[in-house]
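Both complexes below contain subunit A, partnered by subunit B and then by subunit C.
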Partner chain A sequence: MNTITITLAKQAQLYLEADLITPDQFAGKSTAEIGAIEISEGKIRYPLASFAKIEGAAGPTPEETRIVLNGDWSRVKRIGQQMSAGEIIINSNVDMYTGGWMKGGKITVNGNADSFTGIAMAGGELTIKGNCQNHVGSAYRGDWRGMTGGVLRVMGNVGNDIGTFMRGGTIIVEGDAFIHVHTHGEGGTIIVKGNVEGRVGGQSVKGDVFVNGKIDYMMPGFKYVDDVTKEVDGVSAVYAHYIGDLGERHPDVKGQKIFTNLYLKK
Partner chain B sequence: MKEVIKHVACPYCGACCDDLEITVEDDKIIEVKNACIIGTEIYHHASREGRVGSPRRRQPDGTYKDITYDEAIDFTAKMLIKAKKPLIYGFGSTNCEGMAAAGRVAEDAGAVLDNCASICHGSSFLAIFDTGYPSCTLGEVKNRADVVIYWGSNPAHAHPRHMSRYGIFPRGYFTGKGARGRKVIVVDPRYTDTARCADHFLQVAQGHDYDLFDAFRMVMHGYAADLPDVVAGIPKEKILEVCDVIKAGRYVHIFFGMGLCHSDGRNHNVDIAINLVRDINEFTKCTIMAMRGHYNIAGPGIVWAWQFGFPYCIDLTKGSHAHMNPGETSSVDLANRGEIDAFINIGTDAGAHFPIRSFEKIGGAGIPMVTIDPSVNMAATVSDVHIPVAIVGVETGGICYRMDNVPIQYRAVIKPFNGILTDEELFDKIYERMQELKMAGIESDGSWEYAAPLADVRPVKEAYE
Partner chain C sequence: MTEYIIKNGCVIDPTQGINGQKMDICIKDGKIVDKVSNAAKVIDAAGKTVMAGGVDIHSHVAGPKVNAGRLFRPEDKLFKSPMRKSNLRMEMGFSVPSVSKTGYDYARLGYGFVMEAAMPPLEAAHVHEEIRDTPIIDEAAMPVLANNWFLLEYFKNHEIENAGAYASWILNATRGYALKCVNPGGTEAWGWGLNCITIHDKVPYFDITPAEIVKGLIETNEYLRLPHSVHVHANNLGNPGNYTTTLDTLKLVEGYKANNDFDREQVMHHTHIQFHCYGGDSFKSSSFESKSKEVMDYVNKQKGLTIDTGNVTLDETTTMTADGPFEYHLTHLNHLKWTNVDVELETAAGIVPFIYDPKTYIAGAQWAIGLEVALFAKDKERCFITTDHPNAGPFWRYPRIYKWLLSAKARNDLIANELKYGDKVIDTTYIGELSDKEISLYDLAQMTRSGVAKSLGLSHLYGSLKTGMNANVAVYDIDPENLPSDPEQYETAFGNVFAFFKDGVLCVENHEIVNYSMPKKTVWVNSIVPENKQVERDIRDKFLRTYTVDLENYAVFDEHVHNPYKIKVDITQ
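Right, the complex of A and B next:
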């Protein structure tokens, strides 16, 4: 695998949008060609090279391309958007839409990420070592097809709207979440290892939600069923099993109603 | 000579009362009949001393000096071309013609176009994107609704004639008994003046409307037995009693306000309300409507959805497509994050309505700012240029959309003060001036007096050619 290192040397006055920083765009290009890739600040577009120093070489295909981002990327949006293969390592905080709509490959953020991280993600691995803001692994506004695949892991805390309209894949939050976890969920798995303030599984149709900490305000639509032992992220424990949201439509499969399962660690 | 003008529509709230009678004499407002006290004041304001009759430019010492319209238009046009990401925000109090003209300017300037819904019912739009909008007109509420729910809204203060014209008291075609034939349910964390008109008042725990909606939906889905004893501060028995009232209604209507769309969860509070409407329709007829604030705040949603495909928070900076994602392209977030470098405040008062920490980042950060408004509002007092315009509904007419998205033709009752321009005329002139400046070689190259140039950072030329 070839590694290309980009060091952000200058900061824009506003924010930069860098949806073309993906292994898919870099693969098979020379350093000069990569330097000519456009990033935008509002309505003005700049060549990447005018803000960053580019070293190394991209691989011939996205699968063989690793991008390492050094410097301060905290005001850069859309890194790794729609990437399908390869790897991005970000040694900084990042702004919004990191790994949004990603289909494959791997992104590691060694810092915090802002909102809309992994929005409508379909595959691959996205790991944030720090905290995230809101709408992690959520759907785009008005879209009923949220996250459909992949693994999104946040080592820190997250805000609200985690996995809204989720249909598949896994979100693991190792810290706390605020409100609206798995809202309108139609599948997939969310694991919150910390506490959640409330609204877990509101309007959720099916899927699995695990909470290892406390839920301050349980949705009224969740009903206790039984205690079960489950292995969650490699650790086995006893969970109280609830089903819901009873205030939402639920499909019938072979005469049996399918509910969202909420597992609360005992 | 005194003249009485009848059937005038009021430029105050989203109820758009169109039965006003205005007495005028020598282009002065003498008397206003049928309007609420706030609407009355708007008309009298037009004839009071102290109106601004000319554009004004802020001087280095903070005072304002009158300038010509041409100078003000030139400043605005140049600012829009030069800025990398200008924001045009407001439009709560103007007509659709002005909004369409501003849309043309924003598209040409590559600006972000946003309206007051951004800090008001914008989150309701997000819910409507997610779940649809089973709504109706206010006429249907008046003529058919026998169960009326006000949830998180207080029309007694915010829409003073709403309850008497549409919601609770009017006698309609199928509602001949007026208030006596209607059941009124009010849900609010406070015992408001609207709640005093209610048959059933549910004092929901602040920030827990979502939970209460879920409880209502559980009853509608047949899980009443699984309800907890108390939900969001409301006992189970009360929830069941109110659900029986709803199910027994011939036509149920829910009016919701900013209690839903601006407490935690925002769009999801509205989205679950809309889903409750769907559930209630399994038993009886039910519709829902947002209590829109200003008389034409529904207008930009209609006009811009037609122009750009989105109702608010429209980022047009890319030139090739419109992008909308509140949280990123919403005015308060743009200001908070320092993501804009020029600001136009039109037909609203960002200074009074934005969170102060957010407005400080525009008003106090050296970002060039233009306020377009008939009055001297808080934003105008910190703007580089203040351009007065004619008051819609008083000095100029136009189309305005009522809260139920019904267009109402507004009328001018007096001539514009001091011959000032309308919003539409002003934006058309700004557009013309932008074309002249572009012809003269003024371009957006990332460098201007409000942006410190970065060494060796040169834009890609083709981007703006």
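Right, the complex of A and C next:
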């Protein structure tokens, strides 16, 4: 695997949008060609080289390309958007939409990420070492097709609207979440190791949600069924098992009614 | 003194019986003329097709419902809104494009006039504001009337002169063009939790049937001598087995004659008829079937009718209609988001996203039925191509529909390769029986130009290349003497007009929009009727008692109407 290192040297007046910083875009290009890839400030496009220093070499394919971002990227959006393979390591905080619509490969943020991190993610691994804001792994505004695959891990806390309209994949929050977890869910798994204030699984029809801490305010549409032992992120424990959201449609699949399962650690 | 000469193109103009003849079209000061001076700019159209600008009879492009569709579907713009090109305004949206994209895309297809298909009278100002902001194309709008409390009461008492006085007042107050009828009685009935499925179901409280409403509207329309006929979206849209309702509705024209000075012959235009040609009693392939032949057999022999197709384009789109109960029904079928707006006393509208997925049987069957309608039509001057934009698909897909009609190969390839249940579609529709049928470019010009303009009563303004006409002219990369062997070329050519003149201004040159600043027109009908004290009193009364707005604030102000083009129809003379 080849590594290309980009050091952000200059801050833009507005926020930058860097949806073209992906192994897919960089693969097979020289440092000069990568420097010419465009980054947007508002409606104006600039060559990446006008903001950043570019060193190293990209691999011949996305799979063989690792991108390391140094400097302060906290005002840069959309890094790794729609990437399909390879790796991005961000040694900084980042702004919104990091890893949005990613299909494969790996992104690690050694810092905090803002909102819309990993939205509509379809595959790959996205890890945030710090905290995230809102709409982590959720659907794009208005869309009913949310995250469908991949593993999105936030090692700190997250805000609200986590995994909205989720259909597949896994979101792991090692800290706390605020409100609206797995709203309108139609599949997938969300694990919150800390506490959630409330509104877990509202209008959700399918999928699994695990909460290891406590939920301050349970949704009235969830009903206790039984206690079960589950292995969650490598650790076995006993959980109280609820099903819901009982206010929603629940189609029969092969004679069995499908519900969202909410597991609360005992 | 701008002059142009479009040289050596193959001209197709059904209004003059010209079918592919090599000739020059001259343009001077916005009009088509017999000759121009040597100073005229030359457009080389050798090996290309030249037609009048296209005319769209039914498209939802402006107003509160369309705008609600834009607000309601941010995801319709996601990754589908390219950065602004240097000489154009920003373009957004796939199924519900922004106003700028709407104007540009119609120009890219070579269209010069578009009829907004549903204007809620109370919201007319919004419709006109969006028309103003839509570049290039001339537009008009039809106020929605078939669930209107005034008319329901007049029709119940069979007071056609009063209905006429009210309809005339509405046309003037909204700067509207024609009388639109959506799910007659059904939308009102829905306010009571009911619907009208046949034309004999009574509307609660008003105690009147859809048949009486449609007949009342036909009589009112002909009493007012309007340019267009009543424009009908019948009851029971989209439901299996609805073709009997459709035939019953179409037969209501029997005994009526067109009464106007605009060359219009029909007394009813039935819109998006694809949605109204269904047999069977469910959407399953074991029951559902096409009844397009049964419906078109009647249309073909009934000169009092024109229709448009409402072709399904197999896209993800946004349905929006004043047929409120239908949208409610739809959201329970596809479980996607739904919004509804009630417009007090007048109408309502619902919106639901919809995916016509070629992997489902039903989308394939609907696709087939829309094409069957066009292929079965004997008189192409009476059958027009639409998608009921955006209901069956976005309007900018018209070139794809042309391709499916011009090329049997394109159609048969799609059945074989893209429809998952192609065999079942063939078994349950007539598309297999039509497997070698194709329309000609002349047919296409009738279905998108001359016939449409005539049905709208606008043949003096659009759809023709006769000397003296406004110079709306489209030049396409298609050589009628050497038709493309690859059907894709039809789609490319009709979707990217080579050159397009709007009112004599060169708008598209070499496939690129070069000018969108020409003055576009809002066409409306100024209907004048004898003084009618009773209707004036009824209007004042209803506004005092029931409307939330004051009568003085209801009518569209002149400032709302962009570059109005008034067609005066005075029945007192």
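Here is the rule we go by: the second predicted complex is superposed on the first by the 266 of 266 C-alpha atoms of A that agree within 3 Å, B and C clash if a C-alpha of one lies under 4 Å from a C-alpha of the other, contacts with A are read in each partner's own complex, and residues count from 1 in each chain.
Following the convention adopted for this analysis, contacts are C-beta pairs under 8 Å (C-beta built on N, C-alpha and C of every residue); 3 or more make two chains touch, one makes a residue touch a chain.
What you see is a predicted model; the values in this text were computed from it and never measured.
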Q. Put the two structures on top of each other at subunit A: do subunit B and subunit C fit, or clash?
A. clash
Q: In the overlay, work out which of subunit B or subunit C sits against more residues of subunit A.
A: B
Q. Of the partners subunit B and subunit C, which touch A:G247 in the superposed model: first, second, both, neither?
A. first
Q.
With both complexes superposed on chain A, which partner does A:W144 reach: first (subunit B), second (subunit C), both or neither?
A. both
(Q) Touch test for A:Y217: subunit B only (first), subunit C only (second), both, or neither? (A) first
Q) Is A:G202 touching the first partner subunit B, the second partner subunit C, both, or neither of them? A) first
Q.
Output check: A:Y46 vs subunit B and subunit C. Expected answer is one of first, second, both, neither. What do you get?
A. first
Q) After superposing on chain A, which stretch of subunit C overlaps subunit B: 81-89, 135-143, 207-215 or 369-377? A) 81-89
Q. Subunit A residues touched by both subunit B and subunit C?
A. 43, 140-142, 144, 249
Q | subunit C partner contacts - residues on subunit A that touch it in the complex | A | 43, 140-144, 249
Q: Can you check the complex and tell me which residues of subunit B touch subunit A?
A: 83-85, 110, 126, 129-130, 208, 210-211, 213-218, 220-221, 223, 226-228, 231, 264-265, 268, 271-272, 275, 279, 317-319, 324-328, 337-341, 444-446, 451-452, 454, 456-460, 463-464
**Q.** subunit A-touching residues of subunit C, taken from the complex the two chains share
**A.** 72-76, 78, 83-84, 335-337, 353
Q: Enumerate the contact residues on subunit A facing subunit B in the complex.
A: 10, 12-15, 38, 40-47, 50-51, 77, 96, 115-116, 134-135, 140-142, 144, 160, 165, 179-180, 183-184, 198-199, 202-203, 217, 219-221, 223, 245-249
